[in-house]
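There are structures below to look over.
Below are two complexes that have chain A in common, paired first with chain B and then with chain C.
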Partner chain A sequence: MTDFVRAGDLVVPGDEISDEVKRGGRNTYLLSGRVRASVFGVVVERNNKFEVIAVKGVYKPSKGDYVIGVVKDVKPNVIEVDLGEHIVATLRPSSQRRRTERLSIGDVIYARVKYSGLRGVILEYDASLRKIEKGLLVRVNPVVVAGLLDKRHGLLNVIRSEAGCNVNVGMNGVLVISGPSVDSELAVLSAIRSMEEDFTSPDLVDRVVAQLRRSLIVEVEGDEGGGDE
Partner chain B sequence: MFQTQYPSRLIHDKIYELLKQGKRMDRRRPLEFRKVNISVNLIEKASASALVSMGGTKILVGIKVDVGTPYPDNPNQATLTVSAELLPLAYKTFEPGPPDENAIELARVVDRCIRESKAIELENEVLCYIPGQRVASIYLDVYVLDYDGNYFDPAVLASVAALATAKIPRYEVQNGVVKKAGDDQVSIPMRKFPVSVTMGVLNDKFLVDPTAFEESALDTSIVVGWGDEDEVAAIQKNRPGTIPIQALEELLEISRKCSIELRSQLLESLKTYAASAE
Partner chain C sequence: MRGAEMNELRLFREDGLRIDGRRVDELRPVKMEVGVLDKSDGSAYIEMGKTKIFAAVFGPKEAHPRHLSQPHRAILNCRYHMATFSVEERKHPGMTRREIELSKVIKESLESLVFLNEYPRSAIDVYIEVVQADAGTRTAGLTAASLALADAGIQMNDLCCGVAVGKVGGRIVLDPSEEEDKHGEADMPIAIAPRQNSIVLLQLNGRMTREEMRLGIEMARKGIEVLYSVQIAALTKRVRSSHQGGSGRY
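== the complex of A and B ==
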């Protein structure tokens, strides 16, 4: 009943994660009674299971993931949603839960994965589905997603208090940053990009905060300089 | 960034919001070109070659000059044939195969910029060997090697840079046969240095030289080729969408000013090359 890693640790294939068989999640395998990592990535803990988010690699959707996508096509019975990296998920509007707003091509939505397998990727059409109306849409390495969602860091709260921005995080590596001004959103973006370079150091939060503060100051100064034009 | 081939409302609104403040995602001003790099004469076997990068977009142009027959409607003119390829390695949506409509459009726009501005002295005796029978055939090939938005402007730049630095054999006519005159080489005689400016339109705001990310958000865009400071050589609206007539006048004036700036960069590069070649 021991865990050999903690959330946030970097593992290579074969590294032991736990000897509790039930704690094996995505990107892990079982060998000799131990749950081990099957990819090179960062360990995260979800639903009492350990899973590994690969440092480099395509996002593999699984049931229950929250993702952000762009509506690509609206057909009579199905709505196609682009989740990036050639994954096109489908939404099947059911008449029981009629939405007041209809989705159209170009809309950005936040949805939960209902099924992912041989039949493709299907998203839930229920209360968990919502449209994101405004913000900065960006694509990041899924490893950054692991860092952002890690409760120990509390990065989302830090971003909210430092820059006043909310970050909608999709497990497929898509984020929507929305804040009081474009400059604050871009500052958060540069801070998140800095995470992509080094996502394992223990002072991750401090670095992100430092980067945020630097970017926010730069933007304000830039405004003052060009304000008379 | 999240680039899509179909519009995303969020990206469209965000770029427009930035434009209203006179800003762009890559910190450029709305009417500013990306950094341009021009190098010529990289391919030994070609009559001419030029590699131009504009930001992340890289275009290679190669020129081959041969002896051919003129078209019947222009018997005393050398022929110019422009072709373009959007190489699959350049962008995720470029597929292998014969040129698609976008590649053909690129070739046509480059061709019109050069041909309609009469940039090349096609009737010059240097290119016209036996009038009505044998003339120079100039083959100009455009290769998009790396795409990050706007392949038109660097393609025109590279084409003109290559034409301006070309070295072709001098031919002479002996007993009705066109022969090379020893190892003599001549340049392709040129009158003008056409330059094109691509502008994107987002609601009522304009931007010059869009990146691939910005292109996914544009309402429409337009390419204007200028033969020189005062003469438009070609116009192409390369995207679906409408442009109000009043906006068109403003766009033409913007492109004229930008073309002057771009042409001076081109001429500067050519001067530097000429100086180093001596």
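== the complex of A and C ==
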């Protein structure tokens, strides 16, 4: 029972991760009794399994994921949702709830994946489905999503307390940042973008917070300067 | 006078080294870089001696034309192309028979690396553009392409490195240069997936004995070990360099 890497290590496709066959998670595969990485990325340990978070890459939907998408088309029985890349998910409203009461083309929704496979991607039409009314819609790399959702970092809470912004994280790499002002939203965006650059460093949270404070100050100063003139 | 010189063409020096000063089992200087192009999903650049190649990857994305897409796996398209200015005499810009063949051979090698069934109904496009050709372009192109695929975050079972082995003046040499390739007796490009230790490409132009081939493959394996370490360094540097870039701005 040997692990060849530790959480946080950088791996390339083919690298051995562990010889415990059961510990293979997302983005790993088995070869000659060893769990190996199948993408270039960072190793994380979740539920006693090793996963590899790709540094870059397209999203692959899987059941239970929370995603953010844009309503592309509303048909009589089905709503098509664009999840980015080339993934179009479908949403089938149940007969009890009238779909017209809620969604129209262009709406941004937060939903859970119910099924992903040969029949395409189907989203859950239940209480988890939510319409996002306002905010800044941005696309980020998978490492950023993983960093934001990492409970140990608690970055979402930090961002909320520092900038007053709420960040909705879609596991498909789409974020909606909504806050009191556009400036604060942009400050949060620059802090999140800084994660793309230094996601392997151990002091990730501190760096993001530092960047966030810096950009918030700049925004405030910029505002004052504009007022004087 | 010139004709006489040509007849006395020598590919080895008196001290036993090759004309460019390399040992028989020595690679040309190698340089690799990942993430060199912004507009593609993944990219890489490789220099092996005077050979210079870019590789770019798009996808996985929707397959076009639609009828080519497979319900259970991705299709992989590969285009190996040489720039008009990559060789001494201007090459016409279209795809030659040779380029079409190499595209096919490289595509088949890459197909053995990528987990195509992870991306149903999609297409992955690989473009290999030879900017300067000086022997060993198919193997260097394949090496760069596997880096670009890894950079694009595509699931694959291994990287892959390639190098050619030649027979020059009766001796087996690693990574022949243009001159050695032109005047040698045989040329054998080999590509290996290093972690799996499996050969993903093997071609032979000319004749070699069984023993020479065994020696050649052994030599190629050693060269590929070196190439693989350069590949890993290039990938790691991609993360580290952007890391440094980030801290520099603070």
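FYI, the second predicted complex is superposed on the first by the 200 of 229 C-alpha atoms of A that agree within 3 Å, B and C clash if a C-alpha of one lies under 4 Å from a C-alpha of the other, contacts with A are read in each partner's own complex, and residues count from 1 in each chain.
Following the convention adopted for this analysis, a contact is a pair of C-beta atoms (placed from the backbone, for glycine too) under 8 Å apart; a residue touches a chain by one contact, two chains touch by 3 or more.
All values derive from a computational prediction rather than experimental measurement.
In the superposition on chain A, no contact is made by A:128 with either chain B or chain C.
In the superposed model, A:12 lies in contact with chain C only, and not with chain B. By the touch criterion defined above, A:157 lies against neither chain B nor chain C after alignment on the C-alpha atoms of chain A. Of the two partner chains placed by the overlay, only chain B lies in contact with A:174; chain C stays clear of it.
Once the two complexes are overlaid on the shared chain, A:38 sits against chain C while remaining clear of chain B.
Measured by the number of chain A residues touched, the leading partner among chain B and chain C is C. In the superposed model, A:138 makes contact with chain B only, not with chain C. For chain B in complex with chain A, the touching residues are 1-2, 4, 6-14, 17-18, 21-23, 25. Considering their complex, residues 41-42, 59-62, 71-72, 113, 115, 118-120, 122, 150-159, 193-196, 231-232, 235-236, 238-240, 242-243, 245-247, 250 of chain C touch chain A. Those residues of chain A that touch chain B in the shared complex are 70, 72, 82, 84, 105-108, 132, 134-139, 174, 176, 182, 185-186, 226, 229. Of all residues in chain A, only 10, 12-16, 27, 29, 31, 36, 38-41, 54-58, 60, 85-86, 118, 142, 194, 196-201, 210-211, 214 touch chain C in the complex they form.
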